[in-house]
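Below you'll find the structures, each written out as structure tokens.
Paired with chain B in one complex and with chain C in the other, chain A is shared by the two complexes that follow.
Showing the complex of A and B:
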């Protein structure tokens, strides 16, 4: 056991040294990609370079990443369905928490909307806005609020799929004039990117929230772990 | 523009069908294959036609040029892999359509995962960019892990978890390498890297990380431990897909890296080391396969062994003559394709035999030759290719590798090829010996549906046929690679 730990330690040390060496010895890049991005910005339809890279220049990567997110939920759904028990109602039913939530929730939604909108001219965008939305959902769940429509499987799946489906759909529709996949016409690039981001925000938020909700109940409730170990105190 | 629609359809269509299969009513989920398969076959053939008419070309996504945007590469190697994937996945999907009727709990999510897996694989075959390859690996890998977990037994979940951890570690090592290369050269495009990459410390460390990560994902001995439980324990069509195609994707990326950076940068030592690991895989996998008592575990260990042959490519191609290199390239790709066809056939027919006797034990196959000759025939045909007997694809591949080894004066790889073939024969005949023996255990068997037998037989026949017509695919596969000129 100790020998294994020592070996693992040596291995990690070796990797760290090699990585450090590789970073220090790094040659200066010949290719200046940020410059290329800057010169192509006027054609991108947005004003912020990161959004332009994520949703225009390298939108194919983003499309596949959204597919990975959706895939994660599909696998979680599959594993959850294989377990006999249903997700339990959870959370503290605390009036104070509820009233704080009533204050916080609109604020969170406004922040999410702002982040989404801000993405076109400063850091922000669908991923950040989606995470904030998901955080609102997690808070609601922790506060014991019951979101009935999330238990509607068909509705939930439609919401999860909306972002990727819109993305692929727009990518295909813009091909009609005979240009490659995901080539937005310059005049409408901004609008199309906003439409994609809007649906992505919703789907990303739902994805993250679903991953949280699909956790088996025993992990939700610390009391469960105690009762399984022995008799209740 | 040729391939304007067919190239993106290769990944966009499976993705859309994956989403659709989540949204439609359960009865319609399997039926989507009757929309998807013809369209994907047509798209694959159209891409081949594009290659035939204008030769190797790139597809510019979003109409942005390479270092800024993402390009897809349509060359002989990519198209060959796409056609192989279309053939094997279509037949496995047809098989699953019938097979899963007995597994109602697994059907709900099998179909979305299958479509996503297909999209991920096609994404990898087409990718020209090292980061795009990473994203493709993630799509494919996560779908594959989900499919292993579908059975939802404790063993299946443990195998899936182990697979997930191995795959994640592999991806992370790969991603670190990609980050180093991007930091050093400022480009992610393979064509760009080929121009600017030099032999220095950063490139060496990055390549070491990338190779290590991909070896783990390909399950090359001694990093193979996750493979037998994952491939052997999954549902039969899943096992076939994983063993035939999924592990090939990470090997394919290694091959692409070698084409771009390898010849100048790979030291002789690394190439020989990879060959030695391959030899280890052939011996260890073959030996372990022979020792298994469960039929599908035997087939899974056979995959561990067969992966080894692919890695003989590196020593045969490093610092050898052009003729030896071309033979090594041809032999390795023939081995890859023949193994994909034969292994899918072997898993499917093994699944049929298991359905027939109702037990995964090899010892329960006693007397089955009398009842299920067709399942056994497919198993045997696939076995012929794995053993490397003429006129199969496996034979052609070994013949080409053998010539390459002789030409380059590396006689020691001949031993690997010969002994490996003997070991394969040992474990294939272990199954046959049992099935031809007369015994009291079984006096009747369940008859699996005809579709199951037919799909396995088509795959097994394809593994033989590709050996007879090897010059044609090999000619196409060379297009656009450094070996294409001859």
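Showing the complex of A and C:
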């Protein structure tokens, strides 16, 4: 037992030393990437370097990321059925939370819109705005609001796929003059990026919210008070 | 402000350790959320506000909510978690 502890300790120490050595002795970067980004900024269509990299210079990576996110939610939807919102089972159905939400909801939506818009010139962007939107949805659900339109499977799937489809669509439309996939024309780059980000925000928000709604189905258990009195779906 | 950074790094290690060794799942989830928020501050200190925003919103916020939600289901009686064929429409 003691031998094993000593062995584990030595092993961890070795890993720490190796990590420290790797951090201290890292090779110098071959190319000065920040400088290359800075020199290419004028043709990106946005003013914030992170957004320029994410949605213009390396937009193919972002496209694949969104595809992975969509794949994840598709698999999750296949494994679990979405629970219909049953306010009486969320346990937080009280007038105070509802009235606070009435004040908070417009504020949250404004913040999400601001984050989306700010992404072109300062930190912000589709992912952050999308998660703020999803947070608004989660709060609404906890407050017992009925989000019936989310039960419409066709509408939900269209919303989930909207971001990726717009991304691919715009990426292909710009190929018409004979340039590679996702090479935006300089004059319209800003508008195209904003359009992509807007649809991405909606899809990401919907993705995160629908992940939250996926729960193991309730069963009829006489000992479980939470299933009593709830309407059958 | 080296002392602030040192304190931040130390607290990050402590909260990460507490989240890992906590016996009580609820405590572990809370520690994870605290870790996420401190991590967001650390990203700001590293001059990466973009990552800080994403960390605070997704890492601490939504993941925390998802974990708490899962915990709520895990705490229900075991028998009531099975699939009921009548429940499917």
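The rule is simple: the second predicted complex is superposed on the first by the 189 of 233 C-alpha atoms of A that agree within 3 Å, B and C clash if a C-alpha of one lies under 4 Å from a C-alpha of the other, contacts with A are read in each partner's own complex, and residues count from 1 in each chain.
Everything that follows uses one rule, which is that a residue touches a chain if its C-beta (ideal position, glycine included) is under 8 Å from a C-beta of that chain, and two chains touch if they have at least 3 such contacts.
Bear in mind the structure is a predicted one, so any value in this text is a computation, not a measurement.
When the two structures are aligned on the shared chain, A:1 is found in touch with neither chain B nor chain C. Shared-chain residue A:135: touches chain C; no touch with chain B.
Of the two partner chains placed around the shared chain by superposition, chain B is the only one that A:178 touches, whereas chain C remains out of contact. When both complexes are overlaid on chain A, the residue A:157 reaches chain B alone and has no touch with chain C.
The partner of chain A that touches more of its residues, comparing chain B with chain C, is B. Once chain A of one complex is fitted onto chain A of the other, the partner contacts of A:30 are limited to chain B, with no touch recorded for chain C. Contacts of A:208 after superposition: chain C is touched, whereas chain B is not reached. Residues 81 of chain A contact both chain B in one complex and chain C in the other. Chain A meets chain B in the complex at residues 18-19, 21-23, 25-27, 29-33, 36-37, 40, 56-61, 64-65, 67-68, 70-72, 74-75, 77-79, 81-83, 154, 157-158, 160-161, 164-165, 168, 171-172, 175, 178-184.
Chain C makes touch with chain A in their complex at residues 49-50, 52-54, 57-58, 61-62, 65-66, 69, 73, 76-77, 79-84, 86-89. The touching residues of chain B, when paired with chain A in their complex, are 1, 4-5, 7-8, 12, 15-16, 19, 22-23, 59-64, 67-70, 105, 108-109, 112-113, 116, 119-120, 123, 131-132, 135-136, 138-139, 142-143, 145-146, 149-150, 152, 157, 176, 180, 183-187, 192, 196, 198, 200-202, 204-206, 208.
Those residues of chain A that touch chain C in the shared complex are 50, 81, 115, 123-125, 127-128, 131-132, 134-135, 138, 208, 211-212, 215-221, 223-224, 226-227, 232-233.
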